[in-house]
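Shared between the two complexes below is chain A, which pairs with chain B and chain C, respectively.
Entry: the complex of A and B
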């Protein structure tokens, strides 16, 4: 990629040659094509690249035009060298390197632009066109969504047209024709492209390179301070999609567990395991393999007594958007058969490496299983841990309540949920900031909060009573697409809830938010915030805000569907899927069969294209008057009076007039007009007289006029 | 102009009632400077038509009865030694007139037939080394009996091609026949026909025919017809370029006769059967009796518009 950089300096020899050899200069048409190509190639990068590249583009373009007009000459060698050095320096200043991916793209763009200033003959123009093919692909490094793929395809058409344009005679300016030719060439290549896409053995993702711009984390973070999730809820970005093989469970059962937070430090909840916490924070590949709290094999064998499998299993596939974090999301008690995904002792999923690309994984969950009916001592200690200080009011309140219910945990839980429900607690995205004794303040004074507030306060109250409890962060609910059996979970579906350990029941999920705002669980965030109106208030144009307008919502859902399919069948078409497809196709896989299929397919496509090119019938082109007259004949046929082969317009008219006497006058006018246009040599095509009659005929044919005989 | 041509037709109709279309075709043939072949049984009015045409156009008229012992000299003329001048003087044959009726042409030997046909094509006669031009306009109306009759020499295709049109008169309808029977029509009326056109006017009309315009769409149609005869298996051979030109000329004349300055597809369709039927035959038909059916097929099988 960076070899291009050295190009300008190596060209000095060629300029020398040019004095002796007459070379074809670049015609005007080609220049238009080259400019268009460059603009199109540059456009998708425009917001990502440093502003000076844009300036460079304008300067190079203007200079080129001046050269073409003969006002300026080509830049001197020292100036070119200066520009190259400037571009390299600028890149270095912007990115601190010239070898990273983004820096590489910028350098490539710069050399691509500078080439404009030394394009002297046809050969240089070819070079620019070929370089365009290369540069346009770089934009797929940043986005592989449908729009960017479509844009790439369109640009490829333009680049191919530019190539066609370079071969045209000088002075022809048939842009439309050239573009059509380019498009036809591209379309002819599509079957080949599809075949190669399906059959060429897939390697691991080539662009598994981390782009700095993607580094921003998204999703649930590794620790939680009440208020964090409220930030997340302002985004309508997609978190993941889950496709169920059977029916989707009811909305209030969709608790997508991400991380388990059992350690409270001040106001912040953290994961108990230090490795996990670190993994989330640095994004580095830590030694997760040796961790005793993670198993990469079957969890039911690893911890045989922890889970008592019960009830029906749910099978589903999740496509997770990149999060740059290790944890994955799944419904309770997941089982997974994927060597790169492990299960923690808290029965959450964890990937070996941070999710840098969209990742697809299949999960089987047993939602009604009992977990940790016999709670290990160390786990109990971890989940009752509480600092001895702070929140005195809460402590007295809890103690009193605990005594009131005669220390029965289930009753205690019910009483607390009742308290949340009966006292004026509010569910809001804009909770007030709390001070040192935050639980006290929340519970007795402000009483306004988001799910994280309720979950953490609930767990706090549990732990005061000595009941093991922990906060779970993840997502709840999602948008259901019942026709295609999938759930789309967005960032604003982020949620926090609690799990409480009860005798004989193990870990039980309790969602205190449901007591305050039951609609959050049933109908999602939008319904819960309906009164406050703060749902996605920072993104006024988010299509999700327009859910209530029927057609916009339908359009949005259709688009989601399309993106999902694109994601699932095109972008996620990896080695595994390819193998699966091959096995379906050939029974067993062998390289010999693959080569045969590939070769056979290629041959078939080439033969088919060849046959098409040789035998395609040129569409018969009628002159405009005949076209209109044939339309008139079609009308006649619909009336049940078809013009016979060999019947002259006048004979046909006579027959038609008898058949539909009411249209007699109109048919007469049409026929007269046509006969005049067609057979009177005084009306020559293209002349004004002819055009006038033609317009009249057009009007006549369009509107059959009924008139009394 | 159109009235004059109409007047010609109606004048001829005095002598040949009920045959308006055939009379018009004959006139059209004359205007296009072609020759006419009438194929019919004896006594259908062939001679009457030829004679009436000659009279109405103010032209000289001769008739040659073709028999098996007819010699070329009987048609072209012969030089005879004159005692007084002691020289050979040429005595022109019946061919030296504007309209020549060659009656029962298929009864003569090929040698005599070709003498006539050469004169028709060249519009001049070479006798004893001297070339003598034929009068202008020169129009041959040949008649022949259907081939089923014995003792005939059918004209070969190459000779047939020299006739612009072949028509047949057919039996008159009852009304017209009654007129003949009553003596109100027919040869008896020939003497009452007076010339409508002068020779100069006729020449002018013949020139105008060539100037009738033909639009590209009409030429396309014409060429489609030619191509059709050449591509279909049912045709022993296609129409020659001369036949194409004949079609065009006749259509132009037909258009002119109907007062137009340009050709319509209808004009082509009107003259198409007469112009093509003697030039076409099916591969296994050696008598040439299928031409009429084939030319009718051209009318229905070749599209006019596209």
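Entry: the complex of A and C
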């Protein structure tokens, strides 16, 4: 008996016959959706791709709008051919190829844009939508960070909505409704997606592919000229995270060794064996004049006399950001059981392939072990090598010192460190440029330098005295997160220090920077540069600069942790992680159990979704007058007089008046008002007369009035 | 072989969804399969999956699994979009052979869910689309080319939906027992010259005053002038003299007028002339074998005539009256 809420007139009762369905044209709503989709999908690519693709996007978009308005027509075939040839040529000019990943992505984007000019029917629209899915994936190859992932999922909602829009009845322009449907479907798909993500067995790559190349290699490079590391220190980008199973060692013990530089060529320090970089590719045990330089098996077996295991072991997992380099970072004397990671004779870690993707590895380190107590001859020769020319002042200075301490290495070291400490040496990110006799200049004139200056000068001084010494490049320290037991190491934690070989002790770490700026080792770079104010000078908005503001720092730490978890549990969820998880979950892994878990989970979720989607009912929506009247009926029920199903308002009024005579007049007015609104043809919903009457009814229903009989 | 399969399928369908005027769409009656777009979507999902495998890219795995999940969710939504509708055949329009006959069908949501873009058709090139909000009741006409005179049964109505994503098609074939009465196709022709019926046999008398035609027993109200007084003197029977006036100017549309034409042609010619007369506001009568309709005019008369023409030589419809949905 009540009239249901009337629908917008544009939709109600509209049916239409389509004589042809073979080429259903694209309605306006869909076009809006497709435009939005394309814009969203293209946006993150824009920074990376050549600028002309952006221009192409604008041109195609405008052209399409003109086509839609009926002002321009679809481009002629020759023009389309020209555009395609132009796009291919442009790509070739930009990348020198049209087959690589980057060139491929640009071509894909061009196809995607040019399709706009060809999009005539629904099938073309589908193609655009499906291409969008692909373009999204290419974006993910470049960045998988949380913001990027969030953006991707937002885009997926829009794409899904675009598909919904394509299937809505033509002529309905309800963007909000369409978006809601898309979002609901997306949200319903998420639990299934998570289940599949966890349980679908991962495979290794089936064929080798080109990975997106980074603009520049990051991290410590394979050679070092004093000043290099200062460059690195300007970046607050993450280098790696290390999670310890037990407690984190003290800050001044966190020397993350990357590469060992023992060869000095002019001013530049290099790895003794350049082939080490390529070792991964040859895959074999590299040898230098008969001495193996690398092993892919347990190094304690390979070089049984080199390391004397001592003290407690440290267990930790490192998640390394892509560096495009082969070497990995670890604390001293690492042991590893990973077929793809080898150990060099200098006891650093090396990966078979340059680290192009974020890599996770587990290490066990023995920091207090003795290394090379008996130094092989070839290694000694390598680490005392020095050119006979240059830096005459330094040579005299060193010779004199060496004689002063009666050629006792330990004393010699102490004296040099004292020298650094007592003379006015400065630790700075902005060292002056040095000339030909750089060590002379640094030691006696400028006395301003960064860790690389101190380390290389120190090793130089050692070698003049004939003491085996070498420069180690890597990272020092890092930001500790004690609640989650991990250390976060950033590019500005890059560091260089020295290792000196001493009788009976083997290789001993000496950090000359600690003598100049002890706060660098204790509290990190920021503290060491506090006076100079040059810490992260070029990135004024870096959140690390606002460490002192409590809430910003907390926010930053929370975000770091979120990112860390994201990386550890989502992005690094690969074959090994998955197996580990299965073993944890099932006790022992078996395919049968996996199938059961996957099938059971899928079934359960689908049933729940099915119940929700298929059996959920929407309540009847009444028009506003009826809603008010039902409120009135509710009041009546409270008075003990319930309206029966199908009872007319007039009849109910009569019963009610008998039941509560005091309210008789009021009930009469309410009923009259309602009946007028509902049945009088002069009162059309939405018109001012109706609205006035409705307001009156609202007031009436809200305040029952008692009147004397 | 093909017809064999078709027949078998038809029998199977008759068992599964027996003909009925009102049909409620539930899982027993709804079929669901991916569309071509759906298969393409699966292909895209697989491509994304292999890209993810090769690039070892976790987020791409997510996208691939998202596409798979979306497909599964879409199955439920597509089904839910069609299920819970009650389909009732209301009536059919009456048209001539060669025109589109419109069957009016009522859709009602029973389960409190909106139903978007429901497509109804008998032939895939004549689709009616309708959308309902929750608890709504709506009527829609679905058209079909009327190919045959008499009671026209359109067969099974296809009700389908691709909403929301177009990846799947949920559909059903329902037989709503509908039938429409299809009139012959009107074909213009000259009316044979003899059509003004003036011969004795074609005349129907009506009481008049010109010619004496006979006597009948007196009934109260007969004029005194017409009483056969002479006869009364002779036999004591009170009789009334009857006179008749010829109605020769009225039109008779006769089967025999179109001798030489085939049955369907004759029906078409007669149909044409019925419509012409009606248009020009002239009385006309119809005479076809076994049926004679008195000259008259007006929509009811026209309907009677056209129905007679439509059903000429047609056996009784296969369904019992009252159960059928059309109005004869």
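Going forward, the second predicted complex is superposed on the first by the 565 of 709 C-alpha atoms of A that agree within 3 Å, B and C clash if a C-alpha of one lies under 4 Å from a C-alpha of the other, contacts with A are read in each partner's own complex, and residues count from 1 in each chain.
Heads up, the rule we're going with is that contacts are C-beta pairs under 8 Å (C-beta built on N, C-alpha and C of every residue); 3 or more make two chains touch, one makes a residue touch a chain.
Predicted model only: the values in this text are computed from it and were never measured.
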Completion exercise
Comparing chain B and chain C in the superposed model, the one touching more of chain A is C
Practice task
Please indicate which partner A:149 is in contact with in the superposed arrangement: first for chain B, second for chain C, both, or neither.
Solution key: second
Practice task
Scan A:190 for contacts with chain B and chain C and give back first, second, both or neither.
Solution key: second
Exercise for the section: Report for A:649: first if it touches chain B alone, second if chain C alone, otherwise both or neither. Expected result: first
Practice task
Applying the touch criterion given at the start, work out whether A:46 contacts chain B, chain C, both or neither, answering first, second, both or neither.
Solution key: neither
Problem - chain B versus chain C as contact partner of A:79, first or second or both or neither - result: neither
Handout entry: Touched partner set for A:681, first chain B, second chain C, both or neither
Key = first
Exercise for the section: Enumerate the residues of chain A that count as touching chain B in its complex and touching chain C in the other. Expected result: 620
Practice task
Would you mind writing out the residues of chain A in touch with chain B in their complex?
Solution key: 620, 622, 626, 629-630, 633, 643-651, 675, 678-682
Fill in the blank from the handout: The residues of chain B that touch chain A in their complex are 213-218, 262-266, 269, 298-306
Practice task
Show which residues of chain C lie in contact with chain A when the two form their complex.
Solution key: 37, 40-41, 44, 47-48, 50-63, 65-70, 72-74, 76-77, 79-80, 83, 111-114, 116-117, 124-131, 133-136, 138, 140-141, 143, 162-167
Problem - Complex contact set, residues of chain A against chain C - result: 4, 7, 11, 13, 15-21, 126, 130, 133-134, 136-137, 140-141, 144, 148-149, 152, 156, 160, 163-164, 166-170, 172, 181, 185-186, 188-193, 196-197, 200, 202-209, 211, 357, 570-574, 606, 609-610, 613-621
